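Same chain, two partners: subunit A is paired with subunit B first, then with subunit C.
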Partner chain A sequence: MQYQTQGFSLDNSGRRIVVDPVTRIEGHMRIETNIDEHNVIRNAVSTGTMWRGLEVILKGRDPRDAWAFVERICGVCTGCHALASVRAVEDALQIQIPPNAHLIRELMAKTLQVHDHAVHFYHLHALDWVDIVNALKADPKKTSELQQMVSPAHPLSSPGYFRDVQSRIKKFVDSGQLGPFMNGYWGNKAYALPPEANLMAVTHYLEALDLQKEWVKIHTIFGGKNPHPNYLVGGVPCAINLDGDLAAGAPINMERLNFVKARIDEIIAFNNNVYLPDVLAIGTLYKQAGWLYGGGLAATNLMDYGDYPHVQYDKSTDQLPGGAILGGNWDEIHPVDPRDPEQVQEFVAHSWYKYADESRGLHPWDGVTEPHFELGPGTKGSRTALEQVDESAKYSWVKSPRWRGHAMEVGPLARYVLGYAHALKGNRYALRMKEQVDYSARMINQDVPKLLGFAPTELGLKQLLPTTIGRTLARAMESQYCGEMMLADWTELVDNIRNGDTSTANVEKWDPSTWPAEAKGAGPVAAPRGANCHWIRIKDGRIENYQCIVPSTWNGGPRDAKGQIGAFEAALLGMPVSDPEQPLEILRTLHSFDPCMACATHVMSPDGQELAKVTVR
Partner chain B sequence: MANAPSATVLGIGNLLWADEGFGVRCVERLDGEYEFGPGLDLVDGGTQGLCLLGYVQAAQRLLIFDAVDFGLPPGQLVQVRDDDVPRYLGARKMSLHQTGFQEVLQLAEFTGRFPREVVLLGCQPEELEDYGGSLRPSVRAAIGPALEQALAILARWGFAARRRAAPLDGAAAVTLPTLSMRRYEQDRPSAEAACRIGDERFLPRAAPQAATEG
Partner chain C sequence: METFYEVMRRQGITRRSFLKYCALTTTSLGLGPAFMPRIAHAMETKPRTPVLWLHGLECTCCSESFIRSAHPLVKDVVLSMISLDYDDTLMAAAGHQAEAILEEVMAKYKGNYILAVEGNPPLNQDGMSCIIGGRPFVEQLKRVSKDAKAIISWGSCASWGCVQAARPNPTQATPVHKVITDKPIIKVPGCPPIAEVMTGVITYMLTFDRIPELDRQGRPKMFYSQRIHDKCYRRPHFDAGQFVESFDDEGARRGYCLYKVGCKGPTTYNACSTVRWNGGTSFPIQAGHGCIGCSEEGFWDKGSFYDRLTDVHGFGIEANADQIGGAMAGVVGAAAAAHAAASVLKRVADKRAADQNQTVA
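What follows is the complex of A and B.
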């Protein structure tokens, strides 16, 4: 089968590579690709292999409780679902939250961003770029020199420090128990870093592990409990008393706020001295190796709802401004409204669900989640042991969301292209994003190559950003930006409290007797993985319908009735695979989306199989 | 006090998936019925992965409740210790939270900060494929004996339990009142309103018709 869509040519005649599962964390996802005689990917098929059922278990429950359930969907991104949930309910009931509650939610949301981005990069994605076993060959002295070159401000850079880490890795490797590192394709030639860069990155992985557990304490301070912080419809569930004592459960006081400030300072230093320099160095080295693959839809269609308003409830001041970019035209930003039934719609032509008319999409307020599992005639294997799906029929448990009928990529890269486009149009709330993009492009093109002794390049933003590297870079820039915004939020919060405002919740509409008989709302959130939104319909004080479209639904969804492909499938097309038995490039590109299928589907696994199984036919 | 005993009791699993909620429900009940002296942390770990690393590194002693597939009759309890714990969690994984948690244990070891003692109190589940459902009677009945074993271990570690004189205030409970077993079960939507099965390829027992009609 061959066909053209969205500027891509698909051809499924070549050898089929099946990778299942793609992530070793939450949820299940499978990718099937066809490669031509040069091992270049000509067809990609993304399957969410688990049923998603969150929406239905919320039916009939109290809307004020929904956040607690959605927080349990997945073990990776708790806060962004809870936040989307309380926002959806507040939107439906027209509840406005006090300024302190807004600022505290901002601090919590950005803590999640920073935490999630750093953990994703170092813990889950770095090993697609970094060969940990190769780090054993590094010279600690040269590693120290490299460290001081790429990040002179980072204090941890002595040869002895790197030697110590190296011996710890050696002990682990020698024990034969690689633990979290046991699944890498160590030694694969698609790894492009020299041993010293590998050792530096593994060392920073350990630093990140140590720091991240301090950062999440911000959630405990404001959310009361960790690892599942509390949320509240109408505000935040914490009281403020600057002079209060330190007893457990006591209100937020100055000492706790100072603890938060210390973590913010730590976050900013880590992003500036470690995370961003690492990504710039790795990005430069892979660019130097000619590896600029994986762009897909990022070159054309990108979307976000916009978030982090500088002025509460004023969308025009969003510091991550939203909108939709179509056809790679950065000069035109289309406004996006999650409440408009004509804009965001979900299709199920290729999903294991049933609609009355599957040529049409449904807005989430009218969404239907009715499972309907059937395999196409071209399926290989049996229903219980699937060898190959038939993408001409239904082939995924994920639905296909579309914006005005277009497939869109979401995520930090989408937000950075949007921010850049907004800044070009004079939006002053996006200037910092443009500055970051320009700085990073200059570093990757000029400064880092000079430091490492390579010839500089002159790649434009449209060559550099819509790539696997660009996606990983955008996440690092967003982490840096969030740390900076947190400092501003913190300062505003403390000023506000000092001026005598200690209000943290608006409880006027807490009692369901104050609600209209029927109401509907939408709760968009700039989640770490991209545009996240929950939609709710409330009837007689209870949840009548609840739908989530999470970032991995946008990116990982299957084709629609017109055959249009989603972001995962598009990103793989045209990419060469150096060894089909070890599809490192496929995993690297898919992991650059930070796929988390638990919320796109659900958390059960058939066998908890950890090691990705690769089948080449 | 540098030598004050510190221990953590951690319940893990996803309470939305029937018997997978065993670990979380044990911690909820332990917290609801008993009080302990300082130095003991009760944590509802849910399916959190890396977020639990700090708890593991900080604990001198770690007691874990989880549903684990030992291939035994449903509701049967098994006690596993120290080095065997990651091995058991890795042997027959039922759920990805265990991939995550096994990795957390390995990472704690890699960073050189690992509890002196680890005990896993595992329960053989009966049913997992019931989304939005609660514990099956066999597994529910295992909570009491699991708590007895836990109390004995904690006493040995220097944490004597006292029965709570007054019921625990909901806001202070380790598991949110909204998600408490009672409310979770009471407010569950009917099977007609909310499909209860998962992906049928992995659920040979589930009738496909139940998924499509209703």
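What follows is the complex of A and C.
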């Protein structure tokens, strides 16, 4: 089968490669690709392979409890669904939260961004770029020189330090028990780093593992634990008491605020000294090797709702400004409104669901969830032993969301392209994003090549950003930016308290008897993986309907009725694989989206069950 | 290869202490003194225990919690204590290379590997609501459990079912012990469990080469034999009848007891108020929100998280879950009422008690 869509040519005639499970992601997914005689991917099929039915479970429950249920959509991006939930409920009930609560939620959201991005890069994604076994060949002295070159401010850079790490890795490898590194793709030609860069990155894998557990303590201060800190409709649960009676036992006091500040300082240092320099160095080395694949939809269609307002409740001050970009035209930013029924819609033509008319999409407030697990006639294997799915029929538990009918890529890269476009139009709240993009492009084109003794390049932003490298770079820039914004949020919080405001919750509408009989709301959030939004309908104090469209639904969804492909599938097309037996490049590009499949596929309910025919409006 | 002995030495433990530790282990295993050198030899040379960590329907919060462990550091657990041979969240290999690892470890370490399960198998839809390698997760779970030495059920999903098993449980998500019935299972519930509780259970098993003592429900007594309420730093306020009446009120700022805004600490068995979270930084009650009871079976279906408990066992910290059991539920309501009355009487006697926030409704 061959066809054209969105400027891509799909051809499933070549050899089929199946990767299941795709590992180092959250949740479960399967990818099937067809490669041509030159080992270039010509067809890609993304299948979400788990579902839990949380929206079915939420029906009839107390809307004030919903945050805890949906928070359990994902323990990796922990908190971003709880935040979307309390926002949706507050939107429906028209509750405004106090400024302190806003700032504390901002601090928690950005803590998640930093944590999630760094853990993704070092612990889920790095092994796609870094050959851990090859690090054993590195000269610790040269590694030290490399470290000091790419990040002069990082104190952990002595030859002895790298020698110690290397010797620990050597002992580990020599033990013959490779643990999580067993059966990896070590020695694959697609690894492009010299041994010293590999050793530096492996060392930072361990440094980041030690440090990430410190950063999340900001969640522990404000939300009591991490993963899954506590949220509250109307504000935050952590009351402030700086110098009154019993302040020492209060959730937030001076010691707690100082604790948070110390973690923010550590975050900023790590981003500046380790994370961003590593990504710039690795990005440069892969760019030098000519590996600029994986763009897909990023070259054309990108979207985010916008978040992190500089002024509470003023979207025009969003420090991650939203909008939609179509056809790669960065000069035009289309406004995006999650409440508009004409904009965000979900399709199920290739998802295991049934609509009365599958050529149409439905807005989440008016959607239908009628499961229909059915495999196409071209399926190989059996119903409980899939060998190959048939993408001409239904093939995934993920739905296909579209914005005004267009498949969109979401995520940090989408936000950076949007930020850049906003800045060009004079939006001062996006200037820092543009500055970061310009700096990174200069580093990758000029400065890092010079340091490493390569010829500089002149790649434009539209060549550099819509790539697997660009997606990974955007995440590092966003982590740095979030750390900086956290410092501003913390300062504003302390200023606000100094001015005499210690309020943390608005409980005027806590009692359901104060609610209207019917209400509906939407809660958009800039989640680590991209645009996240929850939609709620409340009736008589209970949840009537609850729908989430999460980032990995946008990116990982299957084709729609018109055959339009989503971001995962698009990004793999045209990419060569060096060894078809080893899916290294496939993993690298998929991981650059940081797939979160428990997020993407929680929206289902089973067929053949009494509950199956749930009409979600 | 770094042996157990080397790990201990690197962590600052002297050879003398190591040998003493081996002697204690020998005694605790009921072996004669002659066995001590053999135990020491084994500790010095034995390979790291393979752990196969499977993921069913879950949210990965257990893995995320695990990597937060401060003592021991998770890098030391993974590099030096266990051999984490399969864990789809962290492992380098994917697809058939990943699945090959399972077969290899199961054959090579038959009866000697630990199976750790995060999440649970759904049984509806022929099990195909959780697909691994094209097949139902429940098949993988059964296959890998067959030759495991023991099974750890991480978190509330594996232990009880958790959020996807909340009513109406549309996927028929089923806890591990209802699918695997012929193996020792250690339940480590919580959503997620505390990091140091997770690594504590693992290191206990490696150190003493045995399963920790479990309560009737299969939870390690060392972490789950007390209610949050029993060791809560706000307990004196409960006893004094000082409660948060609504969020962000004066009582909330003073750190009063959260019982009236729904805290489930009095009926939740976990180590949050003792071990605390994230290296001992805090725990939910300290941060101002009531405990939602996330380590208890079916906690999603016990009413709103903000509903006041009606079955609080007011006095005494000595009772554990086994002793309370179902029979207690009927009488503890009365106990709570009696306790509330007692706290009113106590306050009336106290002339300084004028703050209306202390009024017990």
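Going forward, the second predicted complex is superposed on the first by the 590 of 617 C-alpha atoms of A that agree within 3 Å, B and C clash if a C-alpha of one lies under 4 Å from a C-alpha of the other, contacts with A are read in each partner's own complex, and residues count from 1 in each chain.
Going forward, contacts are C-beta pairs under 8 Å (C-beta built on N, C-alpha and C of every residue); 3 or more make two chains touch, one makes a residue touch a chain.
Since we're looking at a predicted model, the values are computed, not measured.
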> Once subunit A from each complex is brought into register, does subunit C clash with subunit B or fit beside it?
Replying inline: clash
>> Contacts for A:Leu386 in the overlay, against subunit B (first) and subunit C (second): which applies, first, second, both or neither?
In response: both
> Between subunit B (first) and subunit C (second), which, if any, makes contact with A:Trp510: first, second, both or neither?
Replying inline: second
>> Just to be sure I read the superposition right, which of the two partners does A:Asp65 touch: subunit B = first, subunit C = second, or both, or neither?
In response: both
>> Contact-wise, after the overlay, does A:Gly322 reach subunit B, subunit C, both or neither (first, second, both, neither)?
In response: neither
> Now for A:Gly557: first (subunit B), second (subunit C), both, or neither, which partner does it touch?
Replying inline: neither
> Is A:Ile221 touching the first partner subunit B, the second partner subunit C, both, or neither of them?
Replying inline: second
>> Residues of subunit A touched by subunit B versus by subunit C: which partner has the larger set?
In response: C
> Given the touch rule stated above, what does A:Leu587 touch, subunit B (first), subunit C (second), both, or neither?
Replying inline: second
> A:His372 contacts which: subunit B (first), subunit C (second), both, neither?
Replying inline: first
>> In the overlaid three-chain picture, which partner chain does A:Asn241 touch, first (subunit B) or second (subunit C), both, or neither?
In response: second
> Any idea which of 38-46, 92-100, 308-316 or 326-334 of subunit C is the one running into subunit B?
Replying inline: 308-316
> Do subunit B and subunit C land on any of the same subunit A residues, and which?
Replying inline: 24-28, 49-51, 53, 56-57, 62, 65, 68-69, 72-76, 78, 119, 123, 168, 172, 177, 179-180, 206, 209-210, 212-214, 216, 225-228, 230, 249, 373, 383-384, 386, 397, 598, 604-609
> If you look only at subunit B, which of its residues touch subunit A in the complex?
Replying inline: 14-17, 43-54, 57, 90, 92-100, 103, 106-107, 109-112, 128-129, 131-132, 171-172, 174, 176, 178-179, 187-189, 193-195, 197-202, 204, 208, 211-212
>> Under the definition above, what is the set of subunit A residues touching subunit C in their complex?
In response: 18-28, 30, 49-54, 56-57, 62, 64-65, 68-69, 72-76, 78, 119, 123-124, 127, 132, 168, 171-172, 174-185, 206, 209-210, 212-214, 216-217, 219-230, 232, 234-241, 244-247, 249-251, 259, 373, 381, 383-387, 397, 502-505, 507, 510, 582-583, 587, 598, 604-609, 611
>> Show me the residue ranges of subunit C that touch subunit A in the complex, using the header's touch definition.
In response: 1-2, 47-48, 50, 55, 57-65, 67-70, 73-75, 78-79, 82-85, 87-95, 97-101, 122, 124-136, 139, 162-164, 166-171, 173, 191-192, 194-195, 233-234, 246-248, 252-255, 272, 277-279, 281-289, 292, 294, 300, 304-306
>> Help me check something: in the complex, which residues belonging to subunit A touch subunit B?
In response: 24-28, 49-51, 53, 56-62, 65, 68-69, 72-76, 78, 119, 123, 168, 172, 177, 179-180, 206, 209-210, 212-214, 216, 225-228, 230, 249, 354, 369-373, 383-384, 386, 397, 598, 602-610
